[in-house]
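Here chain A shows up in two complexes: once beside chain B, once beside chain C.
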Partner chain A sequence: MNSTLPALALLPALLCSGCALPKVAPWERGTLAKPQMALDPDGLDAALKRHTAASKEAASGGYGVGGGGCGCN
Partner chain B sequence: MITTRRLIASIFAAALGATAQAATEGPVPSCPATALGQSHTLDPAQLKGKVGYIDFWASWCGPCAQSFPFMNELHREFQAQGLEIIALNLDEEAQDAQDFLKKYPASFPIASDPQGKCPQKFDVKAMPTSFLVDRQGKIRHVHMGFRDGDKAAIKQQVQALLNER
Partner chain C sequence: MAATKTGPARLAAFTAAALALPGMVPRVQAEGLDPEIDTAFSRYEESDGRMRVDVYQAVAASPVGDRWNIKANGVKDVVSGASPVAYGLSRGQPVQIRSRASIRDVRDEVDLGASYAFDQGTLSVDVGRSSENDYTSDFFNLDGRWDINDKLTTLAAGFGFASDQVWAVTNAGKGQHQRIPGSGGDKSTFQSLLGITQVLDKNSLLQANLTYTHGEGYLADPYKYALVVDPSPAVVCDPEYAYTLSCYTLDSRPSNRDQFNLLLRYVRDFPELNAAALHFDYRFYADTWDISAHTFEAAWHQPVYAGWVLVPHVRYYSQSAAEFYQPYFQTARSDGHYSTDYRMADFGAVGGGAQLHKEFLDRLRVAAAVDFYKREQGMGMQQGPGTALDNFTYSVFTVSLNLKF
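Now for the complex of A and B:
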């Protein structure tokens, strides 16, 4: 019992050591810097959607402060 | 104590995206890279007797584009006094670099290192990074990132290194 517990604790560490993502060096970010790699490819469109969602959903707990679903804020 | 303070200062500077001065004061690593679109090689370690400005850049890096007019300015002003600029391009596709240079022409030599061997030797931590090398071939200043506000300080450091004999 005393010897298996530390071994069990070590197991996740050993399992996870193989699944680490390779480190991307600062000079290797060319592909990541492309616009299509962004979380929001279209900033304006995303802002509009957020605004609509906030004004429609605020009453039911959308994004923080907002109106009462009238769409007028 | 002083080193701790310097470390903290550099961490803050890096966090703010400002020019951080690392305490790298070793000899400049040898790293022969092919001149872009040519056959001869350029090596930062072979600038003996000259002040070197070794810049690491890529076409996708925004601040790199900002730094090109400044490097042209440096080249024009200080070349006669013995300043040598080598801009190492780290694009994997040479065409990306060519397209960038059409938009932002350079009056100084460009070398190409698509495998990224040189930034490893120089321990580049940000894009762009420039290394100021004195006439003895020692790295004296490291600039991470580039902002318009950095220009005056860099010029001062270049002038100071040029004045050294």
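Now for the complex of A and C:
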């Protein structure tokens, strides 16, 4: 297994260490609630893209837990 | 057929991810999340007469009371075409051997999910089954999200289990298939996820996910063969014209595989650009077959005119080869593991495309999308074994409708 994995696993912690994130009040979250700000604004499209890529590549997963294997050619 | 462990249309996970977004969670409780139906048709087509797949997807979701949300999801893949089976040698050079253009398969997947929204998060469960004439998968997923820090931070934990059966069939004609006795086997897959989503400011957020997947059982491909020029001292293959069956062994891989992913996702709104949004994802993958991979994706959501939104996207992917992969093998391996599956090779891929969508009357959303993908030996960040014979391209055209009631 690639030795860079442990280092990369620490990345989120490093990104947030020392961060003083500003407070965002509920009434300031209108932008974050917009459809285009969802992590996957189009769930079907995202699912199809990931399924297709995973059937042609060795890497898969990362976005969530989910079963349903396939015999993709 | 290869055992790919990501399923299609796992809307439970994706819906839960969207709902976990700080600021999105109240949508379930306060607005009740109107009943809705999503449908999509996609045509996937590979270059050079390889695979073609027509994909039909449909999802129906509805709130039940104040806190429950249920959904049913169905997918049908209609597959036809040819697929690489092995490599031969012609005058010392590898040549690709494909199945005849006789692959005909239909995959049906159905899954049912339910989510419960409590004051500080959501819990989701999803069960389903996917079946083909040579593959079945039964799966079960649990997903929990917890909001903390005034809902500026969301923690996520997930667990998934899948029990699959894989075998090979022969085409008996008239759409009938016969199972090849002794081919394939069973496998089990366990998945786990830990994640955090953090609002960075009123215009941006960051998500980090760590996932670990353990697979065990039959993890090889019952349709693929590896050429071993010198399989044993007792069998001599002519390296110039190595087509005799005695030179080939069935694809064979370790019966265990541990996979790790680190996923970072960044979303930012640009109010000054008519509320355009940037999505950037980076995924690092590594497994115990010695494969590592990097995936970079970016999408730009640009409202253009009268509710029309254009979403161009790009993607780059790079992976290293499995330690038991070669286009063909000069010598026998002591562990007996061989694969010439192009998905186990070192390669890179670039992709891109665009989607155009518009919402009518706050109820009907229509979208059309095109997606292109180009796989190239030598385009990867690491230079390992592989062959340009495996290069191919594919395109995907999609139209979709979303209707809210």
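As a convention for this text, the second predicted complex is superposed on the first by the 38 of 73 C-alpha atoms of A that agree within 3 Å, B and C clash if a C-alpha of one lies under 4 Å from a C-alpha of the other, contacts with A are read in each partner's own complex, and residues count from 1 in each chain.
The definition used in the following text is that a contact is a pair of C-beta atoms (placed from the backbone, for glycine too) under 8 Å apart; a residue touches a chain by one contact, two chains touch by 3 or more.
Keep in mind that this is a model prediction, so the values were computed, not measured.
Legend: residue contacts after superposition of the two complexes on their common chain; A:Lys23 is shown touching chain C, with no touch to chain B.
Applying the stated contact rule after C-alpha superposition, one finds that A:Ala33 touches each of chain B and chain C.
Of the two partner chains placed by the overlay, only chain C lies in contact with A:Ala47; chain B stays clear of it.
Chain A is touched at more residues by one of its partners, and among chain B and chain C that partner is C. In the superposition on chain A, contact of A:Lys56 is made with chain C only, not with chain B.
Under the contact criterion defined above, the residues of chain A that touch both chain B in one complex and chain C in the other are 26, 28-29, 33-34. Residues 56, 58-61, 90-92, 96, 116, 119-120, 124-127, 129 of chain B touch chain A in their complex.
Listing the residues of chain A that touch chain B in their complex gives 25-30, 33-34.
For chain A in complex with chain C, the touching residues are 1-2, 4-5, 8-9, 11-12, 15-16, 21-24, 26, 28-29, 31-34, 36-73.
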